[in-house]
Amino acid sequence: MKISLRSNPLYATIGVLASLFAIASFSYDGFFSLRVIANLFTDSSFLGVTALGMTVVILSKGIDLSVGSVIGFTTILVAYLVQDAGVSVPVAWGIALVVGVLFGAGMGALIVLYDLPSFLVTLGGLFFAKGMGFVISSSSIGIQNGFYDAVLNFQIQVGPGAYLGAGALAFILFFVFCLYLLKWTRFGRYVYAVGGNEDSARLMGLPVDRVKIGVYAFNGFCSAFAGILTTLYMGSGNPLTGVGMELDAIAAVVIGGTLLTGGIGGATGTLLGVLTFAVIQTILNFDGRFKPAFLRIAIAALLLGFILTQRALARGKD
Amino acid sequence: GGGGDSAEKKLKIGFAQVGAESVWRTANTDSMQREAAKRGVDFKFSSGEGKQENQIRAIRSFVAQGVDLIILSPIVETGWDPVLKEAKRAGIPVLLMDREIETSDESLYAAFIGSDFVEEGRLAARWMVENVKGDNVKIVELEGTPGSAPAIDRQTGFREIVDKHSNFKIIESQSANFRRSDGKDLMESLLKLHSEIDVVYAHNDDMALGAIQAIEAAGLKPGKDIVIISIDAIKEAFEAVVAGKINCIVECTPLFGPLAFDMAEKILNGEPYERRVVMKDKVFDQTNAAAAIDSRMY
Amino acid sequence: MSEAAEPTVSKKSLRDNPLVWPLAGLALVIAFNLVTGPEFFSVSVRDGHLYGNLVDIFSQGARVMLLALGMTLVIATGGVDLSVGAVMAIGGALCATLVTNMGYGLYAALPITLLVVGALGFFNGAMVVVGKIQPIIATLILMVAGRGVALLITDSDVVKIQNEAFLYLGKGYILGVPFSLWLVAAVFVVMAILIRKTALGLLIEAVGDNEHASRFSGIEAGRLKLIVYAVCGVLAGMAGVLDAASVSAADPMRVGELKELDAIFAVVIGGTALTGGRFLLFGSILGAILLQALTLTLYNAGVPAAVAPVPKAIVIVGVCLLQSDRFRKQISNIIKIGGKAS
Amino acid sequence: MSNHATPLLKVSGLSKRFGSVQALSDVSLELRAGEIHSLLGENGAGKSTTIKCITGVHRPETGTVELNGQEIAPRSPREAELMGIGTVYQEVNLLPNLTVLENIVLGRVKTSAWGKIDWKDARKRAKSALSKLEMDIDLDATLSTLPVAMQQLVALARALEVDSKVLILDEPTASLDEAEVENLFRVMNLLRDKGIGIIFITHFLDQVFRMSDRMTVLRNGRFIATREAKGLSKQDLLQDMLGKAFEEMQSRGDALDAIAADRAQRETQLEVRGLGAPGMIDSVDLELRQGEVVGLAGLLGSGRTECARLIFGVDKATTGTVDLKGRSIKQGVPSESIREGIMLASEDRKAEGIFPNLTVRENMMIALQSRRGALNPVPREEQDAIAEKYIKAMRIKTSGPEAKIKELSGGNQQKVLLARWLAAEPKVLILDEPTRGIDIGARAEIEKLIETLSEDGLSMIMISSEMDEEVRCCHRVLVLRDRKVIGELQGSAISESEIVRKIADHE
């Protein structure tokens, strides 16, 4: 079982992503601009944060299907607390994050303590969070709040017409944090160890159970965090938000080169995966000529082209 | 060709559509695209695949592209303020289509053209109250996707009227996600649960058409043993009305194209326009469906 | 607690049988219905065929059963197929278009459809085997594109079906039992024979258990995977045709939405591990039945659709917990203590 | 200095069941400070299970473990480690996706503020651990890119890195070559002198006699005896282990010349010409006659495994041909090779051998099955017959043919794999380390088996790091060095000293 990975596939991914961007820049007026690049980060801030959490889960050889629902739940929870219950925004955010962590830790505990398949437990989590979102409110709640406006008005100008808002900045900072977490901290390395071979990790004396619960708790945090970013992005809460986002997140992680079999991959790849999705979406929005039927096919074709080129390059270098 | 003069710049309009989840929706998209082609507009179409985040992303990219005007068919009512502010800052007017939004700042959009889902619910209920007789009419409501605007509004409007009539009672209200096969599955099970159902009110035609199949499979006659009422009025539903299987459909037209572009041009040319245009929804039943069916486009 | 409630330390063979747990889940659902409304179980004969909730569970569950059967094999090889919902849409759309719009007879349209969806499945397999793309991504591509293809086939319209033979697939009865059920039974039997009477099943399990070692044992993992994905495609297409037939129309937009999750759920709860290896075709059927029974029960109990996911989650986690040795031990301890105390 | 009244580690009355298998019953063991204590027994005797009960991997049903007179009950290997018990488990239990460095230090790294791992310190410690073994491995190499033997050394380095009072080594020498074994022994002696107690498990009796102060023998999960090494005869020890007298394999001496000459006369079975691939091995020529056993000898990393993989076709050769009975075999398609009758028993049993969740029976018949084709199933009766035959013939310890193979002890898994290949009726069988981890009784049987198979006309290529084994089994030996064949020995000319000389002399 010889896995020769290291940076190779990552370079391939960067290369393909860059050329995709370059081709689009030649094809569409106004595509090549700081503004579009800044938008890539703003538009994928919440997907990016969940995908980073998902990266950690997948690295530990687990999977978490509940993220989309937890995001939806968080948005409606925050909107309810701020708008209807009159809780101050930081407190509402704190509550949401704590709930997210507890929810993730709960699923993790079930998975670890009873040795259950993570797929099933988190599928249960998906349904549960989805239902609970509707229990809070079955329709969307708009957030009208001074604090929100202030956060939304906070922007860093990076170029003409190009701003990085709070969401994008949070995403970038969080990415750096995850990079650090995975590469430099004990928890991060244990995650890789558990994903590489759980039995061996146990025999090597690593606290496997705690790491696994930690992974799901961390991902619960990420989902809640992403939910908060979503409320910033939309200025509202809606239990329908986030439907199917678990698949987007998993796909972004995997396109970034993290293996579903665990133990191999990382945050940088995920960032690239998320940006890939964003670039493809932006291209389609810039083009704007497709009929709905062709639109889906175009997304798939771009995705396929991307992956195949990336694969071919990575293999060529081997 | 060569009609394009550099001085006379082509109009660039972006359209953020909800998705392609139903015949009604694709007819709506079609109408817009056809009209845009006719007028020679540089038309940027984006499908949100049923997700608000995608729609917001599309609007932001329209802003980045510097379109002249944005048409938005919002999937939900709330959550548009941040992105509409961005469009406003860029000086791009926004035309809302099909659904209204909830906002603190009405200046965020230039105008609204669309239908009133609550009114559709009311129309359906009014038809029922007038045409269905009985002391204890039992109604089954097939809801759309939980949380979606049409589902909520069509329920609200319908109940508003039903609540005023004590001889009408909604005995069951369940979601079939606007889907035909879910409509059938749900109806099959409700038929077993309730021995007597007088009226089925479906939030869209697809669910009604699915429910009809279930009713027939149970050996009953839709339209006779059970009164069927639905909303949208796609062609297939019209045919069912003519065939006597659906009793009443409330039309919610998707053909906004010509009107929307007229409005867009007015806004851009600074001509006066009406800020809120609500399409007049029509009600069809056995009495008038046959005459209208040939004019159906979708 | 009475003595009867003592956990009968049943024979090892029974406890180790993975089919026990979906059955236990099913028992749970049945018990709930017995308490809340025994009429749930009434089956009568109407118009010469069986009529009742139990029949519906099977006839409505038929589509997910077909999906789950194919998905079982794919999962057994260590893969997963996310495209089944989209392939369902393509299958229904293609068959209906051929029959309704192009005037083919069902006997020509059906084989063509199955061939095409089989080819789509094969395409999935090729991306996994030749392209060496992780299955979840390889099949995601068709999942996204598939619905577009279905829209193209029908020209973004819903295709009405009036062909009698076609409708029979969804609404016909043989000996009072829905045709779809016969179809699933036939597919299951054929698959079970093909897989268990030949060595295919074992080889698939070997590939899923340790693909690397399977190469050393001379198993052509690639070829097996291609076949398995193709079969999964065919079954998904078939489910799409059934769906179209049962509502007399092929809707390219909403058919099969989220069905991939249902199928995977049925497989996993049926005792097949998502990590591949050992698989249980019958378990997946039971899983699909459990899922459908649950849906019907929720309809019947009048649980609002929006909150319905909560009880669903509880059942999923409950069945999960029953599968866990440690949980069962804890419960039996609690019961023992309770027994002593009283 | 060692206090005989309170032993360092005292295990008494351990019992452990796995389902229907009573793996241990009433096992006791005493380890003194500053001694090397061998734990001996056949495959499946319960050695590894005893270890795992001590270190908290398994929870024994009965029995106690005392460390320095205090009862301990570690709930995980981590706790055991913290108490001062360092362990190298059987099979390489490391993390293939991480670097050598991480594999050595993970779980014990220091962290600074912000939870940052102090890699500098870690690197220093890993280096010093490796230097204890006089090893120089690239600390940043991913573990999975190293050969099994190298991984084993990394596992050792990991165990040596902590300052344990008790060191447990479960078959650490199974995949090491002679020089590395020497190295390890040197370190073990050093540790013993420091007063550390070492439990040492191995199947090599000469190593046992050389290294241990005392030894404890298990048989069928039961304690048989603890004996002083001094004055103990090998025969007595074997009697303890096997429960019966043992007949040792004799070198065939001059008779071998005649056999070898006879084999050289026979029809050519396999012909390899110029086989090679860049980075793996330079062009190899090899001719294998019917019934002939050809050994590949060389040091670790000399390219023996690579050679075998190319012939079998799991790796694709870029040059050269492989002909079986004059028919050219398609390169790079193992399934094709198997269908034609060329088979390889891989050295990496975990990754390339077993199907962990399949049964013993299925693991045995799978190669035969894939040879016959999926649509031509091996009838159940035949499968049962195969399973029964080999379980009996190879004395495989299992609760039955329907047990999952992962529940078997390491050595018994190896036997099942051998059975897999024999059941598939090969024409040419390549055995890469076939006796790794196999007990002495079984080893003798396997050697006998090789002889019998050869007499029946099966051609074999054998790779073994036990040179004496190659000396006893092979009719001809190719000596490899630096991925090249550098010489050949035949018949009675094959001897350890000859092989070593060839390796050393070559320029």
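Each chain carries a letter (A, B, C and D) given by its place in the written order, and its residues are counted from 1.
As a working rule, a residue touches a chain if its C-beta (ideal position, glycine included) is under 8 Å from a C-beta of that chain, and two chains touch if they have at least 3 such contacts.
Note that the structure is a prediction, hence the values are computed from the model and not measured.
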A-B against B-C, pair bridged by the larger set of C-beta contacts: A-B
Farthest chain (mean CA position) relative to subunit D: B
CA centroid of subunit B to CA centroid of subunit D, Å: 71
Centre distance in Å when subunit B and subunit C are each reduced to the mean of their C-alpha atoms: 33
Between subunit C and subunit D, centroid-to-centroid distance (C-alpha), Å: 44
Set of subunit C residues in contact with two or more other chains: 151, 156, 212, 304, 306
Multi-partner residues of subunit A (at least 2 other chains): 1, 134, 138, 239, 291-293, 295
Per-residue overlap in subunit D, given as positions that touch at least 2 other chains: 351-352
Chain pairs that touch, as defined at the top of this document: A-B, A-C, A-D, B-C, C-D
Complex contact set, residues of subunit A against subunit B: 28-30, 33, 35-36, 39, 42-43, 46-47, 134, 138-142, 144, 152, 161, 230, 232-241, 243-244, 281-282, 284-293, 295
Residue ranges of subunit C touching subunit A (in the complex, touch as defined): 82, 131-134, 136-137, 140-142, 144-149, 151-152, 156, 212, 261, 264-265, 268-269, 273-274, 304, 306-314, 316-317, 319-321, 323-327
Subunit A contact footprint on subunit B (complex, rising order): 14-15, 17, 19-20, 26, 29, 33, 43-47, 50-54, 56-58, 60-62, 64-66, 76-83, 90, 102-104, 145-148, 152
Subunit D residues touching subunit A - in the complex, by the definition given at the top: 57, 76-78, 80-81, 87, 89, 93-98, 102-103, 106-107, 109, 111, 115-117, 142, 144-145, 158, 348, 351-352
Touching residues (chain side subunit D, partner subunit C) in the complex: 19, 314, 334-335, 337-339, 343-344, 346, 351-358, 362, 366-367, 369-378, 420
